[in-house]
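Same chain, two partners: chain A is paired with chain B first, then with chain C.
Right after this comes the complex of A and B.
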């Protein structure tokens, strides 16, 4: 018991340290560029996503939804999504509908009450997993190219890939600022229960405060970046159709893309077939 | 043929009282390798931005006169066209890189200007800048030196005739600094590029540059061949520029009448050898030895293992079985190349990084069992990047912060005193980020000692500073010797090491491979070569003349050689 208590009382900054968070975020953004999913054509993947993000909302058939869920879960595994994202996903789904599902089981719920909840949970889970696969499995740069092909403004796609380049720097800087607060600040004593609550509040406060210096530092940096973009012809490219064509010429639908689309189609077809038979 | 021609140029920033550039007339020949020198704020960067058209096209102001770059009048052209004639690498070059991967960034400009073969151009630029093989790496996987090379490659990819670099080596260790200059030399000789550098390191000017332009109060004072330029010792010193140590030594010796009849002062070791040949070394015979009776250890590292989580693959091992003792009152310099584990060693003391096995003991406290907040009473760490230390909106409240939240007695007075001591009283209401490099550094030092720590850790306190500011910080550090008992500095700056440290610890791939006084370290050729330490130029000069000579400053050299 004593051990469990100690474990629980360890605080957020120690347990889920910034270092750990940073590592997870980076892993998610850069660590899985060699997976099957990452190599797919972003355009195909976006259409695929559109299907699994919209269709489940309009279907209420358990078998179909379960089929979709299994398919999407398989792609998530293929994309090797970082652990933290999956934990967040699990928490999200559970807090939406999952808990009701369990509660109803406890309070004498029968098949009739469970089915609608199961359907709801499956819907939410499928849609969120599809988003996780596409937005974290695909590297942001390819994603932004895909979006641009579908006519999203150049500015949006540039912002996505720029954020992708800046992310590690910002995380490191945030970590340093946070450490400054930590080393110079005076944390409340956390031996008693009241102290622990105070300590938690203190830590959240520090995290919020740390954003202010981070923003100022970023603003300072951006001066050079803006000038450099000008020199590198960013504005010139934004109005030139030729450049857009060149950028998008790297997108090619290959054998793997066809296979992926075919397998997904097949799975969906099989589930539809199964429901009609049942 | 002149590649740059500036006639009667006057430029005033909007709202500024007087012009930053005043009646500039300047010609730079094609194929030149030229250094622009001058005091802080004399308009060096502004001059360079005039050449690539950022002024007046992007930064507006009052502009008079004419600027021709590669035969194009910058006022009549646009930035796009000029970018293909003049390439620019910023001092804060990492902010110039906008794409996530190496090849992407190198070819980005070519793609934007709709060049069909942009990938090949990017590859070519990477080859010219010595980055072949790193094409698919992410930006954050590169070292500082490589990042700089990439920024250069981004400019080179458009194959401009002129390349301008704003303080290219300010942030780099000597090994990377050499690398950058070798590549610039290559670009200059093999590819016939005109190179313009803003540079404070006169040793590099002596080794690489053909001509020097001195800017003073917004006008060109003179343009001279490097050797002549560096001999003008008094004039340069007035502008806060320090000629190479060899030149300074010859200048002093000439004044004292010990060397005569020299046409031109030497600026490199090779030249120095000829000039100083006749001098004899006065054997001083007192080599500094490590004091072996050191008393109680205040920090002990016992069998420490540390590794970092990697984004991909295995964790990176930083330390394997590190054992080290630090004693009270020591002034320690920690040296070693980038990535040798210097910062990690310091962060272990503050409890910010925990060893995977082994332990760090501070006096009688185990770091593992103590919260970093409590350790901060004993140990204080000043980051390499001072901006990360500013968490309040004025430096006064930044300095006061730690004392205030701990309810220290008379914290107001103590803040007041610290502001005085670090000459920040007049700036106390300013945001730290908006101060100049030297002021920022002083403010971060003041923040670091606010809690009167027993151990002060400084990460690269003189990085990114021009030589004059560096000297200023060095004297501040010497002043501080009396305030804090034990101080450890991690640095690449060997002049700082020689003039300040009493004990030097050399890290190499996570191991301590040498530990001792400056004589013991710099006298050990094996270690020097292995780690790639570059002793101050004057030390090497002394050694070349007589292997028994250990002189670390120009004054010592002048005293010892008669």
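Right after this comes the complex of A and C.
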């Protein structure tokens, strides 16, 4: 038993290395631009998302919610979302409602408590799967273009594009700084319980210390970025209508987009129909 | 030369970009780091709020606050596909207000006591607002909230406990101590990198005025308002449910319309494909 436990924890620790995280995030951002979802028009997808992000909160009918859930689950599969994101999604749903159920048992809750919580879980799951589909299924540039078309502040779409491009670099740099701190430091022995606590404190300390050089480096880099943007007249272009038009001219609604919207509509209609029959 | 610490537009953008990327990176990690659970006490590295706090104390507070909130939204919510709609608005506003107030409180970054007070009050403000909104959210999402046995108490206890836990654990370990460590170290070093002068008592933006406080309260009101929308929506859907009961035919009609739309689009697509094979639809 001890052996299995050890092996399991080693296995998990192996998986959660910095490189693994970076790969998963990158895969999530750039790895699946050949899926059906990624090729859709971002504007249609955003409207679709708005529907599935808002409507489930207001409906308490289990059949309707289950129908919506199945639909968004199907689109999530179509979008081929990275595994890590799905694990996080599972954890998130459990921590929001499962945890609450366990606590409510202490306060004299019973199996009746599970029904409203099940409804809430379905709501949370539907809403977050819809967002997983849209935000990790879409290419970052297309997503930011779509947001811009709806008049979101230029800052936001700039942030999205910038974040996706800079993140790999930032992560690598952070890792390098962290590793150099580890090389220089002497980690406390972590075999005893006291040692483990010390080790944890040591780790946290290293992470906080690592942010010091990182902050200085990033400050330099963000100055370079902004200066480069200024040379291209970014702040004027951001508010210029002509520029916006040129930028957004690549967006086109095709038959596939209409098909996607129609099929989603069909699914919702079928669930409403089922609801009314039952 | 004693100018007020009013940064130029591009310097503000620099601060924004800096805070966004750093805090975004940090929140990405916290999203991925597993939580330690000792009994009911959850030792989560809830957030690295010290990063925007430090930057808000050294640079323009508003840009740093907005940058932090945007960074969290973009890096950890949108990139990981965890975007939660209405709930994110609340987080965005609470982070902005908390960081902004903390940044405005510090007039002289060399004054360690003030830095500590500002850091911890930033956390407390952010956490308290988040807790209030969280409790309201559950109350609105669950029908007959009071009637479900054990639910109201458990919500208050879990939320209240999480709040206290975050303030004590994350607040001290991850906000207060790192801020006290980093602010004096970065002061005077990081500002020249962005082409600015360090903040001193004379160049600070002035004490926290009524305007800022009022603005924060209004922002908090908006955060609650976003949740209150849910209540109105509930009535809207009640009305719709009414209609749905009497309208099986309507639903059937919707299905027929949807099927027709699917068929028509399929036919159109096929035609477009055959007439223009080169076209990339």
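Quick notes on this structure:
Throughout what follows, the second predicted complex is superposed on the first by the 238 of 278 C-alpha atoms of A that agree within 3 Å, B and C clash if a C-alpha of one lies under 4 Å from a C-alpha of the other, contacts with A are read in each partner's own complex, and residues count from 1 in each chain.
The working rule: contacts are C-beta pairs under 8 Å (C-beta built on N, C-alpha and C of every residue); 3 or more make two chains touch, one makes a residue touch a chain.
Bear in mind the structure is a predicted one, so any value in this text is a computation, not a measurement.
Shared-chain residue A:220: touches chain B and chain C both.
Touched residues of chain A, counted separately for chain B and chain C, are more numerous for C. In the superposition on chain A, contact of A:248 is made with neither chain B nor chain C.
When both complexes are overlaid on chain A, the residue A:77 reaches neither chain B nor chain C. Once chain A of one complex is fitted onto chain A of the other, the partner contacts of A:47 are absent, as it touches neither chain B nor chain C.
In the superposition on chain A, A:26 contacts chain B only, with no contact to chain C. Judged by the touch definition given at the top, the superposed model places A:230 against both chain B and chain C.
In the superposition on chain A, A:240 contacts chain B only, with no contact to chain C. Once the two complexes are overlaid on the shared chain, A:210 sits against chain B while remaining clear of chain C.
Contacts of A:197 after superposition on the shared chain: neither chain B nor chain C is touched.
In the superposition on chain A, the residues of chain A contacted by chain B and by chain C overlap at 140, 162, 164, 212, 216, 220, 222-223, 225, 227, 229-230.
Chain A contributes residues 16, 21, 25, 28-29, 53-54, 57-61, 81, 84-85, 88-89, 92, 99-100, 103-110, 112-113, 116-117, 119-120, 123, 127-128, 131-136, 140, 143, 155-156, 159-160, 162-164, 166-167, 170-171, 174, 204, 208, 211-212, 214-216, 218-220, 222-223, 225-227, 229-230, 235, 254-256, 258-259, 262-263, 265-266, 269-270, 272-273, 275-277 to its touches with chain C in the complex. Chain C contributes residues 9-10, 13-14, 16-18, 20-22, 24-26, 28, 31-32, 34, 40, 45, 48, 50-51, 54-55, 66, 70-71, 74-75, 77-86, 138, 141-144, 148-151, 153-155, 157-158, 173-174, 177-178, 181-182, 185-186, 189-190, 193-195, 230, 233-234, 236-237, 241, 244-245, 247-248, 251-252, 254-255, 257-259, 261-262, 265-266, 268-269, 272, 281 to its touches with chain A in the complex. Residues of chain A touching chain B in their complex: 19-20, 23, 26-27, 30-31, 140-141, 161-162, 164-165, 168-169, 173, 176-177, 179-187, 209-210, 212-213, 216-217, 220-225, 227-234, 236-237, 240, 242-243, 246-247. If you check the complex, the residues on chain B that touch chain A are 52, 54, 58, 79-80, 83, 88, 90, 92, 94-101, 104, 108-109, 111-114, 116, 118, 138-140, 154, 309, 311-312, 350, 352, 371-373, 376, 380-381, 383, 385, 387-391, 401-402, 405-406, 431, 433, 447, 450-451.
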